[in-house]
Amino acid sequence: MSLTLSEVSKHNTDKSCWVIIKNKVYDVTDFLAEHPGGAKIILKYAGRDATSAYEPIHPPDALDKNLAPEKHLGDLDSSSAAALSDARQHRKKTEDELRMEREQANKPPLSRILDLQEMENVAHKLISSKAWAYYSSASDDEITNIENARAFTRFFFNPRVMRRLSNTNPSTTILGFKSRIPVFASGAALAKLGHPRGEANITEGCGRTSIVQMVSSNASLSYAEIAAARVSPDQPLFFQLYKHKDQSLALKRIREVEALGYNAIFLTVDAIVAGNRERDVRAGWTEEDVEAIAEEQQGKGKKGELPRKKTDMEELESAIDVKGTAGALVANDDRDMTWEETIPWLRSVTKLPIVIKGVQCVEDAVLAVEAGVDGIMLSNHGGRQLEYAMPSLEVLYRIRKQRPDVFSKTEVYLDGGVRRGTDVVKALCLGATAVGLGRPFLYAQSAYGAAGVVKLIRFWNVRW
Amino acid sequence: MSLTLSEVSKHNTDKSCWVIIKNKVYDVTDFLAEHPGGAKIILKYAGRDATSAYEPIHPPDALDKNLAPEKHLGDLDSSSAAALSDARQHRKKTEDELRMEREQANKPPLSRILDLQEMENVAHKLISSKAWAYYSSASDDEITNIENARAFTRFFFNPRVMRRLSNTNPSTTILGFKSRIPVFASGAALAKLGHPRGEANITEGCGRTSIVQMVSSNASLSYAEIAAARVSPDQPLFFQLYKHKDQSLALKRIREVEALGYNAIFLTVDAIVAGNRERDVRAGWTEEDVEAIAEEQQGKGKKGELPRKKTDMEELESAIDVKGTAGALVANDDRDMTWEETIPWLRSVTKLPIVIKGVQCVEDAVLAVEAGVDGIMLSNHGGRQLEYAMPSLEVLYRIRKQRPDVFSKTEVYLDGGVRRGTDVVKALCLGATAVGLGRPFLYAQSAYGAAGVVKLIRFWNVRW
Amino acid sequence: MSLTLSEVSKHNTDKSCWVIIKNKVYDVTDFLAEHPGGAKIILKYAGRDATSAYEPIHPPDALDKNLAPEKHLGDLDSSSAAALSDARQHRKKTEDELRMEREQANKPPLSRILDLQEMENVAHKLISSKAWAYYSSASDDEITNIENARAFTRFFFNPRVMRRLSNTNPSTTILGFKSRIPVFASGAALAKLGHPRGEANITEGCGRTSIVQMVSSNASLSYAEIAAARVSPDQPLFFQLYKHKDQSLALKRIREVEALGYNAIFLTVDAIVAGNRERDVRAGWTEEDVEAIAEEQQGKGKKGELPRKKTDMEELESAIDVKGTAGALVANDDRDMTWEETIPWLRSVTKLPIVIKGVQCVEDAVLAVEAGVDGIMLSNHGGRQLEYAMPSLEVLYRIRKQRPDVFSKTEVYLDGGVRRGTDVVKALCLGATAVGLGRPFLYAQSAYGAAGVVKLIRFWNVRW
Amino acid sequence: MSLTLSEVSKHNTDKSCWVIIKNKVYDVTDFLAEHPGGAKIILKYAGRDATSAYEPIHPPDALDKNLAPEKHLGDLDSSSAAALSDARQHRKKTEDELRMEREQANKPPLSRILDLQEMENVAHKLISSKAWAYYSSASDDEITNIENARAFTRFFFNPRVMRRLSNTNPSTTILGFKSRIPVFASGAALAKLGHPRGEANITEGCGRTSIVQMVSSNASLSYAEIAAARVSPDQPLFFQLYKHKDQSLALKRIREVEALGYNAIFLTVDAIVAGNRERDVRAGWTEEDVEAIAEEQQGKGKKGELPRKKTDMEELESAIDVKGTAGALVANDDRDMTWEETIPWLRSVTKLPIVIKGVQCVEDAVLAVEAGVDGIMLSNHGGRQLEYAMPSLEVLYRIRKQRPDVFSKTEVYLDGGVRRGTDVVKALCLGATAVGLGRPFLYAQSAYGAAGVVKLIRFWNVRW
């Protein structure tokens, strides 16, 4: 079926809501209530082209997975598609887009980037302010995010001298998979916000440097696309599972990644309600929204009457509650996971190794060991969930002090605040098997694609 | 009796001192010595209209309560009233007033305010510099005020995972009264300085969100006006008692709030001398004062003589001692309260629950329990009284460590430095029943009236 | 004998060095070697008028005490005196003097000064940069000076409530002498640098407020002038003794102050070598010096030769070593005092109470007690002597913890970093009898004379 | 043999690489692979004059020591030499050189420099930005460098009073050699980067002030030149040995300094891989490099084709890896030294006292004692090697607390962060025999030559 812009434009309410994505038309009326990001954000595009808002934050298979085939109404006719394309080309660029273009033209050569901070600085300049807000933001006053890194600054070495060094080798194994250095890419969502190739950049970069990537349930590429980006067929991939509250959908997701050859399940347990990431929420308020609110506040009187400005209370009650991206991503996650039920169920449905990602205190590390998992990952989600969660390294230190037996019973990883090679060594000294990094991989691929990811790993491996 | 401006203007000395307030004339000659804020501030308006200075800091019933009926001399005649009104309208606005008007016009919509700090920032812009000084100032170098908040930053969570969360409920009871969340509005005086509706904004906001308001003895509305602002007749109100040194006046105040249906007495014990709030004192020096001092310093010689400038010692001895607002409010408070006499007396005169507000160390928490009170409130008056008083949260922590039995014998509340939901949770983890906030409610109502108060509570309740 | 400028000008070398002070001529040739501030600074004025350099830092009786009568050569003749006076009047004012005049004209009224920091700020603006450098400077990086104050910020109160307060009284006795509050003026030299009346301002201010002044051996007024400034004959004065290495001169000084009715000896033991006060040293380099050095560096070749610039090594070896003021003041002090000899000697020569000023550790506090002194004063000379000496309050705290018996055997005072009333209370809580302040009195008298000193004490006494 | 520029210019590839240094021509083709700084940096000058790049960082005997005589091809002919000289004179000065000239003209007289920080500030202005980067940089975020100094700020004195002081004497012996104060010049490489006389300035300055200099293996003068700069024949010199991985070359180096009369061996054990000094690496990127990269990135298409810009990955793989100076200096050092083999070997080949430089923990201090060395030097290489190595003073403190017996068995020195006389005293209080300083000597000689070094020592000795 071929549809015109004019036909689509009639379906612009919550009674009948059509949207255009990549020149295809979809009826999302029934889906409005299910949309994890809320109905209101879709209704902004009701009867219109939603491609630019949709594409960077949804994997390509999202429509197939979530929308019944009969809601796929068909293609736009060619003159409508041409009109859209024309409109896109003549659209006035925003200030943010113009800035990004200027910065892209002045990007420093990658060989001149010497550390993660410089990489982040380049990415900050290159990516959209919305991407920056999503990537960099953390909860409340971002204290745990800051403390994750500061915790490393409190640990100093007692360096030994007069030891043979010329034959040292930093490679290791993680869950039995070889890794060139004890570092892996931790799960981090929505890589396409920073670079069109998205998570595939990380896959390629990890493959070239022989380290492991953990892929987020909330990746912006499909799990299949990421699997296809592997440098060799046996390149390991771990899967960061956000468990759906609907057990059958959770199982379906596991079956999908098993079929694609993913090698382990990292069950995320620290993100079942959304963190309060104010910068991310604020980034969702476009200039247009602000103008709309201003107009609304001026009020529109009935014919012949003077318009009345809304009271503060009226404005408050009627305001669109724009959720941050974080809120949308976890809307359907299981809030009632337990040690007693969830781990045995997961064991029963998959043979893959199971790691609990998001352990934040000694007591839960012990419970995880008792639950028989293959690894525990000390993480507070990069400070993006519970503000004032203990920094990951401090949790590691407490396990070392109070329950060193944990290290002999399971592999222990951590992420949060790792930025220098010395950070990695500190974690290893305290008992960790390996450490993960999240944001740095997002920044590296945003700034330089797969080459950025390669460079990131070389920062630490350059001496060998 | 109808009086003219001209007649009033003759009574402009401490021998005979008349003032006009809201077009009524009062003889305050005998009251000069009793005025808690001192005689000099009244004499500035002797024989003149004092409305603008009087109104924002006195409840409407203050004249009835404090001035004998025969001193209510009568109304201004209509032409005098018209002249005053005219003068007010043509008065040149001060720089501060012009700033406030500009900021009011640019106030952001309330739905865009994401946390208490943003709310405070808006209020800071909107209110008079004098109101800001009174609300925000604290003692000496404001260390305890700062440390109240910093204390919370020293406590980190040991977050647990894999617990059922979907059915949690944050509501609680305080002294048996239901509260939507374990948070209440702590006593805070002079709300009218920030908004014409004053404390009634807080009453309405608390009523709409089902939390409890504690009303200060020094409210700028009458206790009756506040009671009348309740959203429903059973909305609970607590009364923050500043005990008058005259026992009979203290009792009269208790009887008044009992009659109005207030539900508990919070006896304030940490504010019997005035804190040294320098910013508040300084805010009392108007531009006019400064000019007067300058003139005075130039000196006025006798006829035919050159004027002589005052020496530093003469200037020091003759200077008007402008007390800060704080000093005026506590001038008549009882400085000799004791555990042995005051609590039994209070028990003997009222059946209302009694809470001691201003406990600042473990020893006094224990004495309060032994005195049989219904609750203790750990508070240092927002750092406005004794500088270097221990932060409230640290006192709570010490009780938890040294005398955990206190929590089983009485309810424990705290205020001081609570700004985030995580702060509330930290206090609860350490044993508190609920926490109070003072300044944030003043800022919220100053900026957005009752809607601001509603929004403030929703910051923390938004997930349920 | 009457002398002319022309005659004086011939005596301009170290072989014969005459100088003019207040229109009198002195032969200081033999004194050059004895001058505590070094010969070079005198030789700068050889054959010339030295009044302006001499006066602010020497008491009026210094010439009588230090120069034999036959070296007092006589008066300048009247036309020479007139020429000097004329030259002074037409002298171009320095930038620093012009700044001071401007600031004096804009000095705020004293009644508007609310705390010690504001008082210091005013003084900083009013006094010469050299006075500021001498008053405010401390050793090396001024860490102990800063830490003296910061130590107070580490002590918080456990405030008690429900105690009778209306009849409290802060007066005390120090060595048996009554004091309105437990505060005294600690020894501080060279008050005339900041105000022409110098130490007499402090004497008058202390007398009016009934507190005690400790007078420095290095006062810029004579001890007699200070005694004469007492408000009443029984106003107590303590004497801060810098013991001369010549025992007979030390005794002479003690006899002088006994005769003048001083009431106690505070023996200074922490300043027997000069502290390294770089700002003070630098302030001694006038613009003229700098120009002279520049010229010298350019070099002056022999006739017909090109001038040769000095090498760095030559410049270094030939440079005038301008000592800071501190160095001059302690040049003749006894560097070999001991507990075994000095205290018994002092006891044997005077009946006055003896206090050791400059105790800086617990061990020496104990030794002082064992030596039988009447009091010990914990002091590190305001951080002006040994850098990284422990802050006074920390020493007090350690005595309290380790040797509380000290407090029952002697009176303990402290100075260093006391700025707020709460600081005084903290020292008293830890066992001190009273506290001294040094710089604040210098600043107060510099800015407002005796009235400033009165105001300073009222900061803390204003509530009673 | 006499050669022309034109002939030399033909040998400009890695197949045949000739360079001109000080008007002599060398064939370095075979040496390219051995060059510790890598081949690429030499190839930049292939067929050209390399004098300006070569001279400041190589001792004059480097070519004799490292290049076979037959590779010394002979002199440039005179007209070629004249042409080079002419080119040098007409070369446009860089911005950095112009800055240095301006600052040199405004250098303050040395007598006005009061402390090490001021000395450093002058040097910073005077030296090239490359020299500054090499001298001042440290590893990663330069934390250990900063903490070395901060550690001293955490130690306060318990000063004693009433002790005889007039006859104190700060002189000491180090390994039996007299030292005017317990301070020596620690090994620091490449002094010529800051001043043309280089290490000889330090030798002269130490000789004049009777302290000891430790000479780095990586000095920019030959060991013979430094020995020749001694003020007297018996002026002691210590040698900081970087042990070559080729035992015979290591031995040759020891024999050389023994023959020159050096008095002790300080074996460096903390610098066998290069520290990650980013500022040093970055300083190696000249403006010309950056332009070359930019051009290269633009790409050069084949004839008739459009040029293609390199991808990020291509740029990354092809980039010249410009090592920092640090990397070049340690490229040939022995990475397999052990307590069991290296110390006995060293003992067997030399009678000189042996000190281990670079001990960084208590355990290794004990091992060094057990290995029978004559002294241990607590050092982390000025924070230039392992980031987050414990500050030297903290290591000293831990030895004092845990293994005080070490001090009775060997001499203990430290460097890192010593800047004030009080720092020296703190180290001595904790048990050190003497302390070394590195960078301050480099700065002092850079700014004022030998006179600067003399002044540096006088900062601490000025009172005697």
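For clarity, chains are labelled A, B, C and D in written order, and residue numbers in each chain start from 1.
Keep in mind that, in the parts below, contacts are C-beta pairs under 8 Å (C-beta built on N, C-alpha and C of every residue); 3 or more make two chains touch, one makes a residue touch a chain.
Keep in mind that this is a model prediction, so the values were computed, not measured.
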item: Chain copies touching (subunit A, subunit D) - same or different residues, decided at half shared; value: different
item: Subunit C onto subunit D, rotation angle from CA fit, given as a multiple of 5 degrees; value: 90
item: Approximate Å spacing (C-alpha centroids) for the pair subunit B, subunit C; value: 46
item: Geometric centre distance via CA averages, subunit D-subunit B, whole Å; value: 66
item: Subunit B residues counted as touching two or more neighbouring chains; value: none
item: Overall pattern in which the protein chains touch one another (line/ring/star/complete/other); value: ring
item: Residues of subunit C defined as touching subunit B within the complex; value: 109-112, 114-115, 153, 155-166, 420-422, 426, 448-452, 454-455, 463
item: Subunit A residues within the subunit B interface of the complex; value: 140-141, 143-144, 147, 269-270, 272-274, 276, 278, 281-282, 285, 293-294, 297, 311-313, 315-316, 319-321, 335-339, 342, 356, 358-364, 367, 380, 386-391, 394
